[in-house]
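Got a structure for you, written out below as structure tokens; questions coming shortly.
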Amino acid sequence: MSNVTRNRLTGADSTTGELVSQVVLGTSVLAFVAAWLLLLQWVDETATLAGVPALQLLGGAVVLIGAGLTFVGVGSRLGYLDATPSSTAGVPVGFVFGLLWAILGGIAATLVLGDALSLWLPVATVFGVGGFLGSVLPREDVGSTVPLGTILALFGASVAFGGIDANWTWSPSWSAAVFPGSELVPVAVVFATLLGAWGGAKAKLGFGAEGRQAGAYYLVGSVVFAMLGVLALLVAFIVTNGLETVLTGTSLTGGHLTLPFVGLQVPWAEFPFLLNQTGGLFVEIPGVLPAVIGTLWLVFGAVLFAVPLGVGAAVFLTEYAERGRFTQVVEVATNGLWSTPSIVFGLFGLAFLVPRISGGNSIFVGQLVLGFMLLPLVLITCREAILAVPDKHRDASAALGVTKWQTIRSVVLPAAMPGTITGIILGVGRIAGETAPLLLVFGGSPYPSSSPNVIGSFEFGIEPPFVTNEALLSPASALPYQLYSTITAGVFPKEVFTNTEFGWGTALVLLLVVVGLYAIGVGSRLYFRRKLHHE
Amino acid sequence: MTQILQQTRDAPSRLRAYAAGRLVATRQRARDYRSRTTDGAIAMHALVFASVVATFLLFLAGSEWTVLPVIAFVATFAVGWSRYQAEAAKALTFLTTVATVSILSLIIAFLLVRSEPIVRHMGLDVLTRIEQPLWTSNQGGVYALTPMMAGTAVTTVIATLVAAPIGIAGAVFVSEIAPRRVREVVKPGIELMAGIPSITYGFIGLTIVNQYFYVEFGTPTIGTYFAAGLMIGIMALPTVVTVSEDALNAVPESVKSGALAMGSTKWQTTKSVTIPAGLSGVSAGVLLGVGRALGETMAATVMLTHTKGFPSPVFDVFSNYGETLTTVIAFEGGNASGIHMSALFAGGVVLFVTVMLLSVTSQYVEWRMYQKLGGER
Amino acid sequence: MSETEATHEPDQRVTTIGETSERVREEWTDYHFSGDAKLSIEDLDVYYGDEQALQGVSLDIPDESVTALIGPSGCGKSTFLRCLNRMNDRIKAARVDGSVTLEGTDVYGDGVNLVELRKRIGMVFQEPNPFPKSIRDNISYGPRKHGDLDTGLLARLLGRDDTGAERELVERALRRAALYDEVENRLDDNALGLSGGQQQRLCIARCLAVDPEVILMDEPASALDPIATAKIEDLIEELAEDYAVVVVTHNMQQAARISDQTAVFLTGGELVEYGDTDQIFENPQSQRVEDYVTGKFG
Amino acid sequence: SSSGNDSPDTPAAETDASDGNDGGSSQETTRGDQSNQMDASVLTADGSSTVFPITNTGGSYWNSNPEAGDGDYWPTEWAEEYGTDMRLADYFASQYGYEPTGERSNPPFRVSVALSHSGTGVEGVMEGRVDIGDSSASAEAELAGSGDEDQLENFVDHVVGVDGQPIVVSREIADDGLESITIEELRKIYRQEITNWSEVGGPDRDILALGRAEGSGTDTAFRNNVYGDPNAAISPDQRFGQNQQLQQAVKQANNAIAYIALAFVEPEGGTPPLGLEIDGTLYEYGKNLGAQEYPLSRDLHAYTWEDTSRKEAAFINFLLSEFGQEIFVKGNNYFKLPQERLETQREAVAASNYE
Amino acid sequence: MSETEATHEPDQRVTTIGETSERVREEWTDYHFSGDAKLSIEDLDVYYGDEQALQGVSLDIPDESVTALIGPSGCGKSTFLRCLNRMNDRIKAARVDGSVTLEGTDVYGDGVNLVELRKRIGMVFQEPNPFPKSIRDNISYGPRKHGDLDTGLLARLLGRDDTGAERELVERALRRAALYDEVENRLDDNALGLSGGQQQRLCIARCLAVDPEVILMDEPASALDPIATAKIEDLIEELAEDYAVVVVTHNMQQAARISDQTAVFLTGGELVEYGDTDQIFENPQSQRVEDYVTGKFG
């Protein structure tokens, strides 16, 4: 039937090529990590290993990678190594290598001929085109290794033996900054080793479709690993910096709690950073209680405002309105509203709400502005959740002779609840960390000495507006605002903490609150999803 | 050509026909409403709507009597709910929809109205002036948004260069490469990262990143576009990853299996089938990330130098200039008045319009994806 | 009601569709059953947008018996069924011409109360679609929404609640649907935890709880395994003692087993033959129907 | 609006029309003296980061309401001088008719002082967002060129202290031996005409000229005093919102110069002062820097709008008291008001005006 | 391969399931065809988590013929099919025991190259799943990814491209799948614009373009209308001239029409009978199979 020769179903045993590729790959990974350690200054750039400075070591590693790559590429081409390369490395690879060669040409030309554009540009172009052709014209095994290997070897050699060390600097004419070798070399090594790992992984699987997959996976994997590392570092950084502040003066039983109504005092955990006022004469360990309470009130008000509006609108749009121009406009509008920068909301609140409601910064206006910001998310998620309620439930209800509203109330909304709640929690997480609008419409003293007492401040009158609440109409603090104030206030009035320490503490509490809300949101989504799938 | 001409000529009559059609439809709907709704419910509807309109107008006028129509609304509504629940519910949901739309309209209207004085004062110079002075209360007030627009563009570009490639790589990793166990940890982890408040990034940026560039690279100031852009990029990363990952995930498993069953490798499947099919969703994710970077305020406010001007060359991201549209509003919003304030509102308009365009584009792109993949069934 | 033999040489009786339909129609429109029609359908046309899904369908459906609708996929069986209780109103694109009469009242007449109509003509869907609520709540949903039962908190506080009545009603409906014994002890569990067959019987019970006169079923067993299918089939035959049951099925053996009358629709939305089930399967008048019931296509 | 031309949405118009009982808004409280009701809502202040140490320290003493004889905060000798055994805020508030609470941390009314810069304070008090607008430059200078000059007459000026406005540099520059520069050099530095420290006798290092936000009193006063025009064009490398932030930046850098307020000088710390030679006279920190003839000296203002309400008067009087001047002004490194100016200022808010 | 008669009295031969399965297995495992087996399956067990989906299935599949797999829903037909080209590897919960041999090589052996395996065993899915690309690109996807075709920009610039070869290959595959005439003029249109039946034939063509030896089809016509179904059926019969074709279907008439051998799976994942199609439908050895093929359930 078919006279095409078939490849074997099973793979071959390991070869020299694989061994060399493995070395390239391993060296790349090690150098990648080492370069990061230098960049993060966990290892000093003047550090030495067996008498060789760190940077020089990196250079040597890159030389090794370059040489190894060239070796496998050429070996495979000459047929000494077992591989299944494609006919070309491909145009994208050609572009990347061409760019590298162009940079090399540019640098060489500036060193030799000077940095006039008319001098280095042609050289760079020639090098670039050369690099491009050198990558795409030969078979894949040569094209994807030799041009790269050469450049890596050149770069590595100039670091290892060419005097590019920590004190070497580059001050380009177009920039006000000066780039020292101590930083540039690790950055370049990060990129070099990414490419090296790509080439090594590719060679290891003998090029071809499998090789490309391996190369791509290594590249993507390392990038993602670095990304996750940076993100995790950020969090770890806040935690380590803030933990001491947050735990200052805590003890499990040192405090006491007065039971309401009974008046009895019982031992209670003492947590001054969370339970103390920020300012005031008698506060020994300043805390973030006013900000926590302020955040609670903000979130409470925003939810109270946005949830009914958002859910109502979502019901109308999905259940009552016919799909058409109107629903489309609302959809576009809500999506736009969701991505509108928060500072624009603040500006609007300052110009529209502040004069009409409190005359100055106030909790109430802050609640409304954050409510405006929350509204589109509630609407969008609730709408999605309602749309996700299968029509079969509506049909079933209709077929039982039940009216539309009854159906919405008894079947649709309950089924849409999980999705909506998840959305609300995530939205609350976002607004709880929102600062910009609060600067304009909400914030008060940077070191508040009292927490807003909203519940106790209701007053009733016979004149309109009949009900007033002084606390709601006064400025307050919230966690993100507290952090901002701490940054701008520069000096902290108490000796217990420096300003920065207090800031880290606040940042940690803020992080815990917001990320905690997100965690609840994400978790509840997983939970509901799983529950739905299992049934 | 002639066809177009013909169409334009027909336009008025078609418009008229359309209007007439709408009128008939509206009348029909009104008649339907009358016949289907009891008198009591109609009265309730009328009262509810009237009180809402009154509330809105009084509030707009800043009157303290606003509370009266609110009470009227609540009372009518309570009565209506107990007697005509279905009608009351429909009216309520309609009102909430209107309220939502009105909030957006109000924001737009306010931004426009308040930015009108500066445009009257300076004309198009607000958006085009590039010579000094750019921002001063001298000479009757000169407030050109150009340096801030350039600043916003520069930081956004840097942020996008950071967030887009890495973010897409992250999405590909999570959705296509990572083993299930890794994905189950990494995905929610990244989603959590999306929640870290921007002021936190700002604090880290201010204390660590700014200082790092100042000390190691000898930047002229403690805080540069590059540092801020980098930080914003890192901040936008999780958003790009999650949204793009959703898009890649939405590519039907059947298509992926189809490619695998033909003996293409996983990576070939990802590159040639999954990413092209999910491309519009991925770009929507990137656009969202760009939108977030563009509107980012706090990190930039605490990190940038708040000096307005154009670096030379313009792409020198390490210059001593540093102000974006968002930071200028946050920084000067408190003490501006008159045309200065108006200029800030104009900045708000520029931001709003840009973000709106991004949002509409990303929605369109996503709609295209839906169409494309939906056509499959 | 066993399987029919297929002994003809197919090629000999092929006629063009136009011809056949004319001829066939003449023959079977004379079908009459003893007693009055519960539902009468006259010249029903249904369009989805520009596309016609049913063409001039007329037939009478007797009370207290099972009427099966069969035909290849897309021939309009579901559409026909949905016309009977006006569930088609829910599809925006659908337009219905012709008349459907329920014991003398035109279902499409002016001022017909949809809620009342659907109470009288119950429906069971292809996929079991219990509400994500407890079994009890699923059953009592209809009566409660119609105000026949009040078990709200307020009523309970006032001692005016119908908890007792509810319990009875739920038990009766579940027994009728042959489900009571299986779920007796977990009435408060979520209905989604039931197996497919149980869910489908629950849906039937839910429908019975509203006390309808006619029960429409759209391929009620197609999503079920053989054992569950058998139970549903038994149930349908039992229900026919009290109700007019109309069942759509794609499984001809099933139609043959359970129905008293069978209507055969063919692609294009025409009703090609209607008559006693035995006759349809053993001696169909039309070649097309014969081809269909012997599995030549579909 | 404040400018009175358009904008129906600004507060002055509508809130003025109201009868002033919607609680918390400053607009009516400024005229609250008409009704004899005691307004006990929160007194809000915002603005100058220079004045902030004064008002904020005052505010936290006030809010804490320490008992007479509290060794740290309201010591016996002070209480005796005032001849009272009431708590601190109780005592000062009671002079204006407020009922003493007799409770720690519970003053007759609370004070909330926010931190930004003078422009915000002036703007805030003008638009009724706050009761007291802190400013370290005169409202006149702040509003110069803003189009709101016609509102000036509505500002009621209360001067609570005097600042010397020193010039500070990074520790490294001072350590390198640079002791003073001339005012001409200063002008050039802030116009980017001198960009290296070696040009003024310092090390060979770029100058990082740090400035304050436009609209801050420190900036306005600096331009006014150094260049003779509150709107003079200067181009610092970097601007900061508040003095505190600026101080932090000077500490972080190794090549910075900044103009700041006295409270933020740390002669032995991260912000050492730099001598300034003006017309042949060398003004040095700790010697003649704050002297009468030092041209960079400036008044620190607490503005109220149109009138001074009972509540505002009570608190401002507290700041102007001997106790206040000593603890809040001198205690924060500023210069107390000279006696005769103090008398005039006190008169404006004297309790007798509110009987 | 016309329909089988059902003449027995069902009730007489009912046996318990355990008994039947033992007895039946004895009888049919002896089934042999002439020639070598293309695929041999030995004692295949598949588990999804704790649940067993296939129980000790053994059978040989001959080359150049159509093997039909039938059985009620959920009996494991798709699972079985997916085991043959290891598409089950993608399902994390799935665990496979036993052996599958493709011309002597164990498919589950160590170091088996999945890519090679799937090139040799092609698969067509129940729902047509063309890539959202042009028709041409759909067909040439496989060869291109396997490096047999290069039509990239660079190759084209260098004059080394295989555009001609591609054209031929696409045409050949489309003709083989009886689709060429319908799409000849729109090879560059998006494949998603085709009708369901055309899409399914496109998927078959796509599979043929890789030049496999075995073609697996999982209910390839279940989503299609009768006319499209007829085309696919013709195509399958034609393909059997060159390939080993394994078809899962839920339509027994279809199995009877198109297949040479039929394997009947029943609930629980056992293979209950395997033999010549005629024999299975006319004279099944097992009562359960007879009940199933005569429509007693399923």
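Lettered A, B, C, D and E in written order, each chain numbered from 1.
Just so we're on the same page, a contact is a pair of C-beta atoms (placed from the backbone, for glycine too) under 8 Å apart; a residue touches a chain by one contact, two chains touch by 3 or more.
Just so we're on the same page, UniProt names per chain: A = Phosphate transport system permease protein PstA; B = Phosphate transport system permease protein; C, E = Phosphate ABC transporter ATP-binding protein.
All values derive from a computational prediction rather than experimental measurement.
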Other chains in touch with both chain D and chain E: A, B
Chain hops separating chain D from chain A, counting only touching neighbours: 1
Farthest from chain C in C-alpha centre terms, which chain would that be? D
My parser should flag the chain pair with the most contacts; which pair should that be? A-B
Measure off the straight-line distance from the CA centroid of chain C to the CA centroid of chain D, and report it in whole Å. 84
How many angstrom lie between the CA centroids of chain B and chain E, rounded to a whole number? 50
In whole angstrom, what separates the CA-based centres of chain A and chain E? 46
Round to the nearest whole Å and give the separation of the Cα centres of chain C and chain E. 35
Mind pulling the residue numbers of chain D that touch at least two other chains? 9, 14-15, 22, 124, 127, 241
Quick one: which residues in chain C touch 2 or more of the other chains? none
Where chain A touches two or more other chains, by residue: 209-210, 351-352, 355-356, 403, 406, 465, 487-488
In their shared complex, at which residues does chain A touch chain E? 1-2, 4, 6-11, 86-88, 90-91, 94, 136-137, 208-210
Considering the complex alone, what residue numbers of chain D touch chain A? 9-11, 14-15, 19, 21-27, 41-42, 44, 56, 59-61, 63-64, 66, 72-73, 104-105, 110, 112-115, 124, 127-130, 241-248, 264
Within their complex, chain C touches chain A through residues 85, 87, 90, 92, 114-119, 122-123, 125, 127, 129-133, 141-142, 145-146, 190, 192-193, 203, 206-207, 210
Using the touch definition up top, name the residues of chain A that touch chain B in the complex. 174-180, 182-183, 209-210, 212-213, 216-217, 219-221, 223-224, 227-228, 230-231, 234-235, 237-238, 308-313, 315-317, 319-321, 329-348, 350-352, 355-356, 372, 375-376, 379, 403-406, 408-409, 426, 429-430, 432-436, 439-440, 464-467, 480, 483-484, 487-488, 500, 503-504, 507, 510-511, 514-515, 517-519, 522-523, 526
What does chain A use to touch chain C in their complex? 322, 390, 392-403, 406, 410-411, 414-415, 535
